[in-house]
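Across the two complexes that follow, chain A remains constant while its partner is chain B and subsequently chain C.
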Partner chain A sequence: MTATTRRRALAAAAAGAALAASPFRINVLRAQEGPIRVGFPVPLTGPYATEAQNQVRAAEVAIAEFNESGGLNGRRAELLPRDDRLNPGEAATRTLELIERERVNFIVGSLSASVQLAVNNVTKARRVIFNSISQSDAINEASDWSPYTFHEALNPHMTAGAVGRYVFSRFGKRVVFLTADYAYGHEMVRGFQRAGAPLGIQVLADIRHPIGQTDFSTLLPRIQALRPDLLIAINFGRDQQITMRQATDFGLKRSMKIVAPVLLYSARVAAGPQAFEGVVGGTSYYWRLEDTVPSAKAFNDKFRRMHNGAVPTDYGALGYGGVRTLLEACRLAGSTDTDKVIEAMRSLRYDYYKGPQYYRRCDHQSVQSVLIVESKSRDMKDENDVFNIVHIEEPNEANLRTCAELGHAG
Partner chain B sequence: MGTLGFDLLALQLFAGVALGAIYVLLAIGLSLIFGMLTVVNFAHGAFFMFGAYAGVFLAARGASFWASLIAVPLIVGAFGLLVERFLIRPLYGRGIDYPLLLTFGLAYMMVEGIRIAFGTLGLPFDTPESLQGATDIGIGFFPTYRLFVIGATAAILLGLWLFLERTRYGLIIRAGARDPQIVRVLGVDVSRVWLLVFGLGTGIAGLAGLLAAPLQGVSPEMGGPVLAEAFVVTVVGGMGSLLGAVVAGLLVGVTVALTSLFVPEMAKVSIFALMAVVLLVRPQGLFGRPGLLS
Partner chain C sequence: MAHATTAEPAAPRAALSGALERHRVLAAAAFLAVFPLVAPFEALAVNILIHGLYALGFNLMFGYLGLLSFGHAALFGGGAYLCGIAIVHFGAPWWVAIPAGIAGAVAIAAIVGALAVRTRGIYFSMVTLALAQCFYYIFYQASDWTGGENGLRGVDLKAIALGPATLDFLDPRTRYYVVAAFVVLALWLLSRILASPFGAVIEAVRENEARARACGYDVTRTRLLAFVLSGAFCGLAGALNALHLSIVPIESMAIETSGLAVMMCLLGGMGTFFGPFVGAAVFLLLESIVSVWTVHWQLVVGAVFVLCVLFFPRGIWGSILHWAAGGGR
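Moving on to the complex of A and B:
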């Protein structure tokens, strides 16, 4: 989700690979006794610190719940959060430390596409299970994937597909993309085009902007002049907040629907109701799901009890899901042995916080629902009530890229 | 590009000029402090961010946007006075990199301080009600608030020009910038002049932050890109030249606008390309005096 140089990611990957191949490599004996240790690298400092802290809090809920219900035959679980500073190199180093020095049993975490690929390179080489909780298409692909790789989060293909199917049929087919010029943006555009092709969408322009742009005023007159039905703004964090605010100022909402494939709770809170009013987008979780889904209600209540009445964010909830699936798999396997836990994970059919989910066998992608939400500025129950859930696309393997397309055998 | 009509091109150029006005606003505080004190203020972006947060703080206590327009530059400028008096002053005469490194570190501390006080998540900042919406400018609709920012920038520039060129104090400041030693010999307390200039420059940076808040919201990191943009404008215009900052700001705005129309992904690079070209032709910038850095 954030910009990092390809070179850095490659360097991190190379460092991981070199360490793994080193003749001095000490065979890591992960404890089969004592506490179950879960390493949790997330960007605890920097622009996404609030989001990362929510991930940690939600993961703490999963840990507490596991321990209170007896652990694994009395073995308790421990969470070891580390700051990856949103940097692939840093994340690879922290992950290596967690594995080598802290002897963690599993790694869960990350909040950015490039960071999770760097972590995955390390865990792959060290044969440690990694459950990634942020969006990426590449992590599913055979070239990056390994049997130790699980992906609890949605990926851009699933998200863009669900959002596209919803908006193209309702708001029109003439589309302008405003895209942050990096892997995440390109993956999303590809996802929208795949979903839109059978519906006959017409792409009027795909405007790419550099990451970290603070002013979009020079892009908006052209978008206005193209008169699309839909403006799909594919950017993230502050770029997204500024886009929405300035598009509102320029009056774009009067003539087109604005769509954000990933519409996050924290972004909406940071930018305020005015900027996001009426914007439609996709998300993996929104706390108001509790109105219809009992497991969401149970999770929210536990979160509120542990964290002074606060609600979990979308990425936060993934922190819970990512840790809980691993701990439940340990119970199912009756062990923390990596191969046994992998088998147990693959057999899980779970509903822990958002309705039914399972990991697809070929790429360990969690097949799950996608929520379509619309930002609101009126009729808010309280300050946390920022979206209406307008549609839920139920879990369906047909909405994922096929195993063959990703390069997997079966 | 089939829809490229005259109106769009005209509106695009206007958007460029409007953006240029914002760049000018960002750059003048930096340019003023450099021109008068030869201090490269790397905390300029942090003062900008501080101004925006001061606005948030005041708004939460019921102050109107208009009251904040007066109060914020005073608050940020007062902080700037303290910084000059206790941090920058001991470093005068030690070479240009000393205050540069100091302000670089100060910026980190200010950003962390704001994170501790206001949290790491950004905060919303609504456009004042009377300036919301768009206004018809003949070639299309343009956000009213952006028109207001152009006006505000012009007013600040006019005020600054009158102060520097038409008042006794301004005369002393300009003389102090040219030859501090002679000014000191004439019985003027130069350190007080420098204190005032630093307060003025940081106050304008804070005001720019407040004016930018309704355009982009408020976050602890908002000063980062501003520093880079303000530097480009200052360098293109000539370090220390106010006229240069104005011309360069508008030039950068129009460059961004035209690149955005044809190759939007190059918009960010284009301003650095502009800077490189200008520096190749005129190393001191468009209106700069040569040798200011030596």
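Moving on to the complex of A and C:
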């Protein structure tokens, strides 16, 4: 070590000590130069734990990437994941903790409709930006929305619309719905009917079942007797797995196409190839998008490097998108000031992992592509290769509900 | 509680526990005043207050009257929803919304109680459980009023006007002390009820129902009254929860919420005044701290619960009281 550098090091250390000794300077330091803190409440335990952990991993990629590229003028970002247990009350408590004690700059997260609405209600009263990364129609509506609310994920209207437009024109117009009887199911059916009306679809039956039904075999003969072209199974998790397995065993696939509006990578991996063979559905992201989209390739490679070669899931990728948009907006705004970041978010035209996206001005819904995928059991590149991307519906504001319909002024 | 007639070294302990027993509300108020200084964060401290009050209301039935209700979520959730609905749909101020929540819970308790108090033991648990599920379903289906699956949002109370002064309810410290004021008031009321002749009747019914009846007490009416009072305390807890979180999730009416009260009571010590509160505090603190450093927090919390049940059957607070009164473990 030469004399000059040693002297410089000593000077820096002395300055640091002086700074540390002065309580006033520390406060200034914390306010202006402290890390950018991103609170991340997701259900790390419970039925969606695997998905939530993937979201955290993807968010870590966004944080690492931001810090490696210099942060916000040297200001680093950090992620504060919290377990919301898929419970709105716990999510609200954790969000209060993140805002009041941890003094986070932003909140990103949630993996259910009711949880994101709870978090949103807490953040909007405290004027903290919240970027939601799970599906809900209600969060776009004026009664729940606030200028601090952003929605990076798809919503049921966009997903059902894209899937409906694809399947009704290709596989036929005689439709049976098999729907889990709760808000998500109802919103999806509404989306399909809206997309199908101009195409002249004929709904033969809308069969509702309670969440957690373990046997669908009594419903299957009735569905077969109706002779539909399409069976649209709007359920989730274990319900979906059982539906697909029993429908396959019963031979429904020989006479009709089975559609699952939200076809998740993790659900398909858990259930195995046979049950989902040939099932068509929608998703926000699938890792094989990397074959055609350079930003997807870049994101996947970073994810693989950080997480032992694993690939991001669809909801996981949203964790990356949700955090990265905020951090990029901070850079654009040159600060973490809430109003300036909101303005920067609204002006973003970004392509971070799935092709071009932007936030619609009136409701801050991310306008983005919807992928239509078909599950496969053959020609798999490796064990992670479970879908074929059969169609990509490009981003288009016309596929969203209008601002006026949602109750927004502009 | 002047039974300091046992061994000599137990006397100061007994004196301390006696003083605590006589001035229990004062002691609680003093503790709650400094509690936010030691709690990890204010929102958790408020949760402990609210769930402590909820478990306390539940303990009136479970610990003092000896009836295990599995339907208290309907009372907690009912209070939360009615308070929330008063604010969201009618724009009511806080001093209308909180009584509305209590009234709602009292009404639900009266209905459930009228149908359930004639049964005993496991049958009482089953009837309350079934009726609570009915109320869950009613509130779930009435989504225009309750938000259904998505929960009720917009229970926004930003400030509390008290004459000329205005308290900022969004400020975490202020929110804590506002809720604490209600909780101390409820503690005082409950303490008075338990010390009254009616309180003695409740315990008489628990100890020997036939004898209480022979003494001329109307056992059924005592039970119904206790259930409705329990409903009022749980309803207040629910209403405060709605104001604290600014939402009412449908989960607050779910069966898990009923189970939570049982667990907190057992952990802290059923039939003791502060036991449920201690149980709520230990449970929520443990859950909150452990879940930050491992996703396997349920394993840790579950193990602690099992150990407590195995080695401290009186509960944490019950064991402390027993020790203070000079008894062995």
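To be clear about the criterion, the second predicted complex is superposed on the first by the 377 of 410 C-alpha atoms of A that agree within 3 Å, B and C clash if a C-alpha of one lies under 4 Å from a C-alpha of the other, contacts with A are read in each partner's own complex, and residues count from 1 in each chain.
Rule of thumb we're sticking to: a residue touches a chain if its C-beta (ideal position, glycine included) is under 8 Å from a C-beta of that chain, and two chains touch if they have at least 3 such contacts.
Predicted model only: the values in this text are computed from it and were never measured.
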item	value
Which superposed partner A:A49 touches (first chain B, second chain C, both, neither)	both
Contacts of A:S169 with chain B and chain C, given as first, second, both or neither	neither
Chain B versus chain C as contact partner of A:A113, first or second or both or neither	second
First, second, both or neither for A:Y182, with chain B first and chain C second	second
Contacts of A:N121 with chain B and chain C, given as first, second, both or neither	second
On chain A, positions contacted by chain B and by chain C	45, 49
Touching residues (chain side chain A, partner chain C) in the complex	44-45, 49, 53, 82-83, 85, 87-89, 92-93, 96-97, 100-101, 113-114, 117-118, 120-122, 125-126, 136, 138, 143-144, 182-184
Complex interface listing, chain C residues touching chain A	40-44, 47, 143, 148-151, 153-156, 158, 170, 172, 241, 245-247, 249-252, 291-292, 295, 297-298
In the complex with chain A, residue positions of chain B that touch it	3, 5, 7-8, 11-12, 15-16, 18-19, 22, 115, 119-127, 133-134, 140-143, 145-146, 215-217, 219-222, 224-226, 256-257, 260-261, 264-265, 267-269
Of all residues in chain A, those that touch chain B in their complex	45-50, 181, 207-210, 212-215, 217-222, 224-226, 238, 241-242, 245-246, 249-251, 266, 269-275
